[in-house]
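First chain A sits with chain B, and in the next complex the same chain sits with chain C.
Coming up: the complex of A and B.
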């Protein structure tokens, strides 16, 4: 990986053995950079820290550039010139909308529910006096350090030892909006602080995200999420049981409990149905196991394979319906789909049949009958079945259009008769089969002198 | 059909330079590891890589075998392994495992990671922590920008959206700034930058600092103006069903990196076919921005013309026939092929859309946008959920409901969420938590004004208990204020008027005349008034973070509309849809300017929502 760079000696007299695996030093940039560097050096003499470094050790900056290589030096010097800029754009205020003051979140509170005020200033004697810092970069301010980090230059976080300094550094990183640097500082803080850490909201989110990616820490929902990676259903069920103890909100706690109950039931149902002994399984073999399916899919399955079982059995539709508090509407929709698929029209009818106090049977539905028709039609119900439900549609316009669409001729004819719409009836006659029952019926109506046609 | 540009419209800069630059840098990096090597490529880098180089290029630089990164033990026998990856911790962990298992069996190899577009400190820390830091060298391939078409450049970073807007991780801010810097360097200098959004502001700052530190050059700019916009400024638009051809094709077949795979139902053969969809495809170029209802008519007209052209053959003498075969036939055959492909695609779209009652779905969407018959909409969505119709579609409608209504009533929220979990799986609890956090699907805070909300956030900030933290996060998600914005910006054209989709009168045509996309309307208005003045009410409803800045000495230039001033780079942070691109193309044609779309990725409702799901292990 290392490549000697002879040009180095030309103007950099340091003893550092230069090499680079920097990526932007193609000839063109190099040339330009050197040119700029040479000219900039003349105007720049306040940045001589870099030159009198007497360290023999190779220092490699973050981006992999060795300290002292040409491109490194070039960047060093170049960055100290503040370009006024012919095309200089103004700085805009990018401070987060949250107030700075008092926006300290506690990381530990998130995971350990531990916190303590941390803004107190640490005793100055704990900090090393400045004079002791021989190392040439140890005096970099938080601002300078963050700037160097962002540019991929060599830097050191070692000097940020007091909590206050660490927080200053973090604040600086946050205000630079560079997520990469924020995370870098957080990783350093994580390593050098035992537990307590007060950070800004933005930093906290970076930290949480980092821990998530590292799979080190889990928030409440992430703990629950872990069940998804457990393949064995019994283990998964047991894990879900432990999740029920987690402090979820009231609503979510119910859902998590449902999840456990559902899988528990599915395991029981699966154990029996897998054998496929009942007649229905032979007639309609299962395509997949019921494990880990949603509640409604389980209900559909139960309406398909276990219809009519008593509520006492776990696999019965009634049991599932009550266990998971399924609404009437949802139940009817699901049962309708399942029974229609099996072409059990009798069951379909009885879903909607209600008896009034006089003992008359009437059809009632919590969902619009046009939806019922739609579901029946999608399950290839015959016209005889469809027409019963089309005739129950309230909205006349919808009823007429669906009757036409599904060829429920009788309904169409009767509706035109009631509308006294002779013209439409004549038109419709063209759509029915010649000489058929419907055709004759239309002829009869058209010949009926008693009807006062409106046209 | 295929409206023509104004004659004085400026031409677009040539972005193929970007491809060349990226390719050259990749070659340079590969040469840094001399000798034969096997190359492992991140799955989502393969298509972008395909657009700028081919296998031959790689082979020429001693790449022996190519593998897809699959996070499984490697089978390669090469002495040198090179990994071309996105900077993701998971991938780096896998590489560390590869190195460690080699070490365990005493195998010596050289390893090099090329991170693109940049490396992250956290990734290198993984190498360090795993004790393989020195064994693996790393580099950066600054492949920021992939031109997908003449006027579309993509960063191909779909994770930008989730990382930034959901996780609150600003790792890509600098990347976006660098992408902008590169365009500024090659096609700038820019003279004016407008923007809105928290991320937009940060990207602007990052770009500005990079430009300040870098070199300046005097050149004639190709691009004069820049507009930066955060995706969360407008969530409504990307969640609407797309009905413009290109968007529709993306919704149904998923365009990936400018190319689409048409299945046997489209090709009417037994094979699937991968096709590039861009301005090079003459047929596509004419229909891409059209409302779907026009496309069929156009294609059949085209087909008739083609027939006439073929028919010319009859009655030709040998000489004419020879000329015909030499000059026209190839073009005609090409056109023939493309035509039948797009006709096949249209048929397939029609079939799919009829099956799912598209008309009724669109009606519900339009009602939501208009704020009309909301109860009926809720019933429709509920039935959608109850019948277990597409999981993503249901979620999309729920989010549209929440966005347009400023949140759901608590009882509706609870009931719809419960039904959703019953229908699609309880593990979607996680998805709901995410959607709540990002502000896409929330409960209404009854009677709460903005100031009350702010003081609440202020209070929570001091609260250190764990439970409240999540609340604080979700409260940060802004209110959408869609209804008020829509009124103020007149996003919903008056109902009752006929809208001729063949002759669009405004950008609403991309949504059948029912809605002008908020994002594009903002761009139009801000460019028109050259800033945000007089728009205070609007920006307040959008949560602020707007800016309009002029560069150094370009003050005089901005006044007169020179060509570069009429080339506007619009950067979408968090993705943009093909519908929005169509709308901007329309706007450009109307105003005699050109828009170049720079996006972190092309998105649509499914991609956007899928990136927020957490229902898989």
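Coming up: the complex of A and C.
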């Protein structure tokens, strides 16, 4: 796929310098420069660093945290307990860190000053007798009450008896946006409203139902989420099965069903494979169980341990592929990774074989052969295998560079021959072994009078 | 120790000191010797406020991490639990307290909730029958933590998930509270702009809270002129892109937490004369990263391609400084040299560290060889995969970047991308795949149903069906979606806001696009346009982005109106609701430093994020990414 359309050239070129470092003004050189400078200074002065720091610089222990910082001290005092030492105080920066001022503000005092002015008249709760206090309580408007609640002062909700008062109180709490106060009011309402609400139970039911409808998607997923806390795989599977009955949206329903099917499968596969009887398990013992792994991991596992099983078996790659509607691309990538890991080059080969209607075999890949080469190379495929796939790469430049990189000499030589690039061929001869088959081949080509070299 | 907080335009050390004072006051409430039991998550954020020394001064003698069972023995009068208001933590505390009470001499117990008390939690403690065992139950309001001289963070990892996925707006409430604190210290912010649903909510809450305090007027001369509230979902694209600044790359590759990064130790081994290179350290090297370190402040916001040059320049300066001692002849000169020595040595070790860090990053990002071969023209590199084990990471880094840039410039965003396909086939980390697929979706204003279904199937088949939960989450927050209209408005947005700049200058940038080597972060463009010429010029684009945009004014008492000097810069606080990346911060710092910019920026956020940590926070089973 070509990315740069003509009109994008501008930004394409500008974007490249975003993190390219020109050779002549290389960042590395600069870093090296400053590093060199640093180390040269270090040689100049080999005093112990810790003793001569400037007073302004906080003292830092090796872990980097300033000595005397809170998190450091928590560790320090706690560990001194364990060792039983009584002298366990961290060395403390005794510099007078704060002026002992009497004039400074503290945060709460600021607000005390403000609020006192407005509440002094009403707030004698400590000095006045209780009975008197009560009168004040009963006088407080919803606004006043909520204000007091927010400030953590004494308050009483008992005076809000009528439904209307209660609703006013609730409105006031809500408009203050203080979740803490809203909750407190609700708890009170719940206690005291029950009688009034009994009468309206039918209405309430309707409302609860409405809320449920509104929040349905959210609630459903919340239920689904529960499965994460179930450790036992059989219970988890059963739980997922019950989730399937919930009225999810179409998309979500498919995912939940797939999740259930996958876990069910994994439990079956795990039961057999745990015994590890087949030859392949002895040769390549499993590192972990397959339970709760994502589907692509499961497919990889299946391609590794159960390749070639008939589609009828649950553990076969073909069956997993069709059950979970895995795209061709993902399938090929996964199977390729697994078979290459096992160095089954024959299986790799047949992954890409397609027969056309005349019966000829042709290599075809949904992922681009350069990626195939990439994966094979990472699995240490020999050159003989690699070169087959390098030669299938469409993009000539890419093909040439990968062929050079992986020493697929024949391909490089043939490409230069086709390009009639004599100069490059001569250069390349320097890279192949003297007297080797490739070396002779280049000699032959260079001596061939029938080729019309372009240079 | 925190001097770097006071160097900026706004002295953020005031906020830190206020937070410290609050902490001291609470500690003194529990008279006598004490041990603190930490919710481990909190130690990181607290480290930005106070060192152990502060606690020690207030008779904190031991510190433990919160665990089940009993609090370890320690001869102290008080035990204080520092915890987030989480129910599961309450159960552990209850367990601790119950076993404590069985002791012959139980210690006094206290709880400090960070950042807020929670009635639910107290209810839970009551159910467990331990609520009355506590002498003090208090809250420590740690909303906005000063992170650097121009940066505040709430360090709330799950804010985006809570707001956009779970519809829990508690973090917005905390945000508004934090902004009120900030205004109490730095004066009322006269102008508030915002874009997005959450921004609207926060502004509403702020205005409401202000009304509630109406009794007293804030008499502080305003430090901030403008507050800009931005929803993260207004710009879903930027965090998905790979950050290309020095700090951004450190975060992308190694992850910065609470201002620290852990690095592989090999390159930091100091070879000292006489010591063999035998015992290489195996513990990760931990570095603190902030502007207190002069060199780091200088290079962190540079494009990584410009870091090498900066380091070598610095090396020359330091070498020259050390050479000076040969010229020092008189006692005075020598004395002078010696007095500078500590500073020079600090500079030297900082240079050594960052040279090593740059090398580590270089190994991962540097382009691989075949690109310089004339044989290959650019159209074929895509299909070409050289197979050299060591170079794999850099190769994939480059390929990944290329695809990102294709998407951001709008190339082939409506087709199945072969690179993504290949990455799935190779089982690359799932988060990498998700970042790319989401980016494609965002740049195409949703994917064609066919394309979306294809990616989904491939992902579920390769990584496991349970990831349907994660995919669902991504759809819900709008990162992944089917195309609903045939009209893709991303190109219009890109063109109007100039999100792609052809010749981004990485060495001497003249535009914010340098932070992504071409892509100018949308969020920062919105900020830039707001300052000049104003949002009215981009009404159309603003309408294409999700959520309302708005402007509010807060009345100042007369006498507090700032009389601006000629040429004096305005100060704008930009608050990113749902997270900000280091590259966006770098872009804003770049704008602050522009000579004719006219505006300086202070940045606040719920959490510092990158594409990976962000997507991870939306996953339902993040541990499964280890495949």
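Criterion: the second predicted complex is superposed on the first by the 238 of 455 C-alpha atoms of A that agree within 3 Å, B and C clash if a C-alpha of one lies under 4 Å from a C-alpha of the other, contacts with A are read in each partner's own complex, and residues count from 1 in each chain.
Note that in this section contacts are C-beta pairs under 8 Å (C-beta built on N, C-alpha and C of every residue); 3 or more make two chains touch, one makes a residue touch a chain.
It should be emphasised that the depicted structure is a prediction, and the values quoted were computed from it without experimental measurement.
Visitor: Tell me the contact category for A:184 with respect to chain B and chain C: first, second, both or neither.
Guide: A:184: touches chain B and chain C.
Visitor: Quick one: name whichever of chain B and chain C touches more residues of chain A.
Guide: Here the partner covering more residues of chain A is C.
Visitor: So, A:397: does it touch chain B (first), chain C (second), both, or neither?
Guide: Only chain C; A:397 stays clear of chain B.
Visitor: Taking the superposition on A as described, I'd like to know which of chain B and chain C A:319 touches: first, second, both or neither.
Guide: A:319 sits against neither chain B nor chain C.
Visitor: Which of the two partners, first being chain B and second being chain C, lies in contact with A:229: first, second, both, or neither?
Guide: After superposition on chain A, A:229 lies in contact with chain B alone.
Visitor: If you stack the two complexes on chain A, which partner ends up touching A:370: first (chain B), second (chain C), both, or neither?
Guide: In the superposition, A:370 contacts chain C only.
Visitor: Show me the chain A residues, by the header's touch rule, that chain B contacts in one structure and chain C contacts in the other.
Guide: In chain A, residues 1, 21, 23, 36, 62-64, 78, 89-90, 92, 94, 97-98, 105-106, 110-111, 113, 115, 177-181, 183-184, 187, 221, 224-225, 227-228, 251-252, 255-256, 258-259, 262, 292-296, 324, 326, 329-330, 333, 371 are touched by chain B and also by chain C.
Visitor: Can you tell me which positions in chain A touch chain C when the two form their complex?
Guide: 1-5, 8, 10-16, 18-21, 23, 27-31, 33-38, 40-47, 49, 52-58, 60, 62-66, 68-74, 77-78, 81, 89-90, 92-95, 97-98, 104-108, 110-111, 113-115, 117-118, 147, 152, 175-181, 183-184, 187, 217, 221, 224-225, 227-228, 251-252, 255-256, 258-259, 262, 292-296, 324, 326, 329-330, 333, 368, 370-371, 374, 377-378, 395, 397-398, 400-401, 405
Visitor: If you look only at chain A, which of its residues touch chain B in the complex?
Guide: That would be residues 1, 21, 23-24, 26, 32, 36, 62-64, 78-79, 82-83, 85-92, 94, 96-99, 102-103, 105-106, 109-111, 113, 115, 149-151, 177-184, 187, 201-202, 204-206, 208-210, 212-214, 219, 221, 224-225, 227-229, 247, 251-252, 255-256, 258-259, 262, 292-297, 324, 326-327, 329-330, 333-334, 337, 367, 371, 375 of chain A.
Visitor: Applying the document's contact rule, which stretches of chain B touch chain A when the two form their complex?
Guide: 24-25, 28-29, 32, 88-90, 118-122, 124-126, 137-142, 163, 167-174, 188-191, 193, 198, 201-202, 204-206, 208, 211-213, 215-216, 218, 383, 386-388, 414, 417-419, 421-427, 429-430, 433, 457-458, 461-462, 464-467, 469-470, 472-473, 476, 543-545, 547, 549-554, 614-617
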